[in-house]
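Each of the next two complexes has chain A plus one other chain: chain B in the first, chain C in the second.
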Partner chain A sequence: MIDNISYDRSLQGHRRVEHRLAARVRVVAEAYALLAPSLVGFLLFLVAPIFGVAALSLFDWNLMGAPSFVGLDNYRELAADPEVWRAVLNTIYYVVLNIPAQTVLALLLAVALNRRMRGGKVLRVVFVLPWMAMPVALGIIWSWVFDPRYGVVNQLLGTVGIDGPNWLTDPAWAMPVIASVNVWQYTGYTMLILLAGLQAIPHTLYEAAAIDGTTPVQRFFMITLPLLRPSLFFVLVTNMIGSFQIFDTVFVMTQGGPGGATDVLNFHIYQQGFQLFRSGYASALAMVLFALILLVTAVQFLYFRKRTVYDFS
Partner chain B sequence: MKRIALYLVLFAGAVVSVAPYLMTLNSAFKEPAQVLTTPAWEPALPVTFDNLAQVWSDYDMAGFLMHSLVYAGAVTAGQVVFSTMAAYAFGRMSFPGRDALFWGYLATMMVPQIVTLVPLFLIMREFGLIDTYLGLILPTAFGTPYGIFLVRQYFRTIPVDLESAARIDGAGTLTVLVRVLLPLSRPILATLATITFITTWNTLLWPLIVTNGDAIRVVTLGISALKGQHSSQYHLILAAAALALLPLVVIFLLFQRHIVRSIALTGLK
Partner chain C sequence: MSRKIVITGVATAALLSLAACGGADDSDSTGGTVTLRYAMWDEVQKPPIEQSIREFEKAHPTIKVQIELNNWNDYWSKLQTQLAGRSAPDVFWDHVSYFPKFSKEGVLTDLAPLIAQDKVDTSIYDPKLAEGWKVDGKVYGLPKDWDTIGLFYSTKALKEAGLTPADLDGLTWNPADGGTFVKTLQKLTVDENGKHADEAGFDPKKVKQYGLAMQAPTGQQDWWNFALQNGCTLQDKPWGRWTIDQPACVQAVQFVQDLRLKYHVAVPATVTNPPNGPSLDQVVGRGEAAAAMDGSWMLRAFDTALPGGAFGVADLPAGPVGKGSVYNGLTEAVYAGTKHPKEAWELLKWLTSERHQKAVAQAGAVWPGIPSLNDVFADAWKAKGVDVTGFKKAAEGTTMGYPLTEAADVYNVKALDIFNQVWLGQLSPQDAAQKITTEANAAIK
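== the complex of A and B ==
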């Protein structure tokens, strides 16, 4: 009798555990069912290609016939290729022209907009208008704007008596012109992110600093800049990752010219991989660009982590 | 005095932001000779529709726009549906491997797109999908890490109590997602759809690689080819650029509130 009862109890307990286990299994199954489509896309079209490109960089393959294993030959070849070094330097030059100009302009505009004013909301929308533009269309428009004879820039310069250069066919000017497209396109976007960061800084800090007799410039450097660091960090990291991948405007405006002056890494990889069909070599070049981006991002992480983080949340 | 300087700076910024759009539109309506002989800021008088009519009839502009619409529309639909599903799993359910997987998704946001393109091209070639809509759409149609992250963060701001109440009433996971969370998530879904559509509409590199004929040539390829052939016929290529930008302007003006807010939010996490 007693044995029976205890047996019954343990059976019930067993059932309860079984029940809970079944519910748990169901939740996990449901979670993976919801995740399934994105997981297929993630594994097949993102993870597999990343491993694929690393493997492919060790082969010589023109997309026909069988690929032949060449070890690190592609990397040896690219390290000895002056065109690759030029593409790396061109890419860095583009980023250097781009990021500081865009960030400083965006910061100025954000500080100017960070107050109650008439039309502030409208201005925000206007400043974000360039962000959505199609880079290919911008490439067409900028080619016209900087046309030596028919472009608005040289027309404007002409009104003050300056004879403007042949922008896009001048090796010294082609890259700055291409960088100006990106500065135009992303300054407003960057400004909005910085503005959101500015608005999170407590007013009381400025009031206290003003009572202590500081000048606006001092307040900017001692309060605004340090407290804006998280937003600045975000903006710098993401914009830089994007800038290293410049392609569309180069493709439309210069095709890497004149004389290789705008041949950036992404464009060089495209040419090697999809015009000359050297898929192994292009894969090795892609790995170089990847490494470059990782390196720059890591440096930014280290630099920003060293500094103090303030938290008002 | 300081206020005037401030407004001047902001006004100059605003002018620079809209000037390229306005000048392009203006020139698209000018007579061909006038595009070359008059300054860009001089209004189009008399207004002519010849340039637009010419790119429309001599080139398959209607086709380019149509193909881009299918491409961007399909990717946007896939992104919204599948990102939402994944975001719910990541944001609201607990299962083994969740955090590792989520960090894996986020880590790939740092990978430059070009890295995946050679293998992606090979995959599409293997499946016989070169020059097809499927080949064009598939890589981004299952939801991107960015989209999943955006929606997940939003889901986490919705109180769990709402969900528990529905669960007590006997609602299953799918019902909770569709009936409780989605109605509350309209702003973020509109934002994600807008951003995805704009980004896909503007994409050049992947269509350049995976398509090669006229059959499904998208607008970025169409107008860049036009620029290659007629680089000095500004009345034509500017009209084409204006047509390619027009849908973006419409969408932007409809959803600008969402876009401005979502950009502001991205920096704050």
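== the complex of A and C ==
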């Protein structure tokens, strides 16, 4: 009897395990089925090319003849190439011009638009509009806007008696112009993410703080900013990655010029790969860019990991 | 089970997407009509060429021609990417600086058998132009045009400075004091207070009109000419090594920098640096420079910017070793991988025919590859009140062809970057010459 019961129990237990296992398999299969479309794309168009580029960086190949294996020669060459270092510095210069301006502007806009106000919804759409437009088309339009003779910018400056510079052919101005165009384009997107983050902060916290007699500025720094950290982390990481990969605006507006003043890493890669047809060397440069982004992202993760993530759901 | 499904799914999708990558360009022949792609880089020449091609299409109802226009910089990267991807245009403009590479890589159709088969008379072309495109009895292109460099000037600016076109004849320059060339340019350079560059009180920071504008991605329209006039050779021999670090060449680069930074008679590089600076016809057209060094292919552009005979063309100055100009010519070439070799050859024959080149010459676009038509071009401009015979005299005098090298890509990309820095005053001519020589030579195998 006892045996029977225990047998029965163990059988039941076994069945339960089997049942649970089947359920788990079903869940996992379902997950994979749902993941499949994007996973295929991810593997085929992202992971595979990354390995392809890593492999290609060990070869010398002009796209036409047969590739020849050169080991780490490409890396040795780029380490000694002053133009590569110029490109790295130019890229960092661009990121420094771009990210703080874009983040601060987006934060201010998000806070401003987070309150109930007339036309607030329309304004949100207006600020996000540039992000929806094509960067190449925007680059062309901004080139007109910054044209030294016929552009709107210099004509406006002219009305107040300022002789505007040659924005895109002056090495001192070319990069700031490129950066400002991108700030203008991506601030709306950043604002949108931060706005969502702001709306997740419970009102009760502000009410409590107000009762405690805090000023709005104190509330911003003691409540808004710390609680916005997850959203800020997200926009900083993704925007930083995007900024390091700046290409389209440079390609359309300056072609890396004047005199290499806007020759950023991604444009340099394009030039080596598709103007000089040194696809091995270009791949090695791409790996450098990859490593640079990985490093910066890792540092950001380390910094933000120490901070608490608040969950109000 | 689930894993198997996923793997099968991935594999199927991969195959499908690979299949989609193939056979993308089979759509160009429909209903017996063949569409040929014809690639070029000069917007100024496009209208008359397009017009003549309409006639070709009328004569060949089964052939349609689609012109693909890209500016000089994009043209070469695009064309070479297309060549690597086996999807190049059927017929395209070819340039001496890329010809060596192309002929080696076998991407150009050998026209010799076709010429023999159709008994095409190639003696009508200037041998100076036609010979350069033959390698071991193979013919990789037929002459399209030729060009030299001249001094385009605004007649209004000249008059305002109290000069006549005759004052631009026989000018000389030298590396020491700039010679009569710089003296004349000083008279043509005016600041906002109306002071000329040779007068006391001239403010080089507030120049209203400069004497000269220069812009050249490779050097063809600016320092190469001074180099030739100064006894510099860019290479030790055709197909050889670059020798730009020689003193005669460095002096020529220095002179171009001096025109901007020392004499203040040339438009600053912050305005004219390629590829973002406005083209020189615009710079002269809006009165920012009195004259510009530019190629004969720019005549139509200058005529648009300064219509009604408001511009003229003078010879380049003579340097320490005499006069001289860069001389160059393009060919029409057929892609070796074209799917329509017969039709492409028909188009090429049209483009290099007397009829087509006459039409293009009559429109004043470019000097034709067929010398007997040179007068057609000169007459077309004479009718507009512009004497262009100086270009022809330059072609008959001392000339320098485009350097023949395998390292054209490297030279072109690096020169744009390096010389822009020299013109901006960020790099010394000596350092620049050393740099470009080393880097371009490193690309020669």
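Heads up, the rule we're going with is that the second predicted complex is superposed on the first by the 268 of 313 C-alpha atoms of A that agree within 3 Å, B and C clash if a C-alpha of one lies under 4 Å from a C-alpha of the other, contacts with A are read in each partner's own complex, and residues count from 1 in each chain.
Following the convention adopted for this analysis, a contact is a pair of C-beta atoms (placed from the backbone, for glycine too) under 8 Å apart; a residue touches a chain by one contact, two chains touch by 3 or more.
This one's a predicted model, so the numbers in the text were calculated from it and none came from an experiment.
When the shared chain is aligned, chain C comes close enough to touch A:Gly257, but chain B does not. Looking at the shared chain after the overlay, A:Gly71 reaches neither chain B nor chain C. After overlaying the two complexes on the shared chain, residue contacts for A:Trp184 are found with chain B alone; chain C is out of touch. Of the two partner chains, chain B is the only one touched by A:Leu56; chain C is not. In the superposed model, A:Gly213 lies in contact with neither chain B nor chain C.
In the superposition on chain A, A:Val40 contacts both chain B and chain C. In the superposition on chain A, A:Gly161 contacts neither chain B nor chain C. When the shared chain is aligned, chain B comes close enough to touch A:Ala196, but chain C does not. Of the two partner chains, chain B is the only one that A:Pro135 touches; chain C does not reach it.
Once the two structures are overlaid, the count of chain A residues touched is higher for B than for its counterpart among chain B and chain C.
Taken together, the two structures place residues 28, 32, 39-40, 44, 63, 143, 274 of chain A in contact with chain B in one case and with chain C in the other. Interface residues of chain B facing chain A in the complex, by the touch rule stated above, are 6, 9-10, 13-14, 16-18, 20-21, 23-24, 27, 35-36, 39-41, 81-83, 85-86, 88-90, 93-96, 98, 101, 104-105, 108, 110-123, 138-143, 145, 148, 173, 177, 198, 201-202, 204-205, 208-209, 219-220, 223-224, 227, 231, 234, 237-238, 240-241, 244-245, 248-249, 251-252, 256, 259-260, 263-268.
Contact residues on chain C toward chain A in their complex (touch as defined above): 1-3, 5-6, 9-10, 13-14, 17, 73, 76-77, 80-81, 83-84, 105, 269-278, 286, 409-410, 413, 416-418, 420-421, 424, 426-427. Across the interface of their complex, chain C is touched by residues 25, 28-29, 32-33, 36, 39-40, 43-44, 63-65, 83, 143, 148-149, 165-166, 168-171, 253-260, 263, 271, 274-277 of chain A.
Within the complex formed with chain B, the residues of chain A that make contact are 27-28, 30-32, 34-35, 37-42, 44-50, 52-53, 56, 63, 108-109, 112-113, 123-145, 147, 150-152, 155, 184, 187-189, 192-197, 200, 230-231, 234-235, 241, 244-245, 247-248, 251-252, 266, 269-270, 273-274, 279, 282-283, 286-287, 289-290, 293-294, 297.
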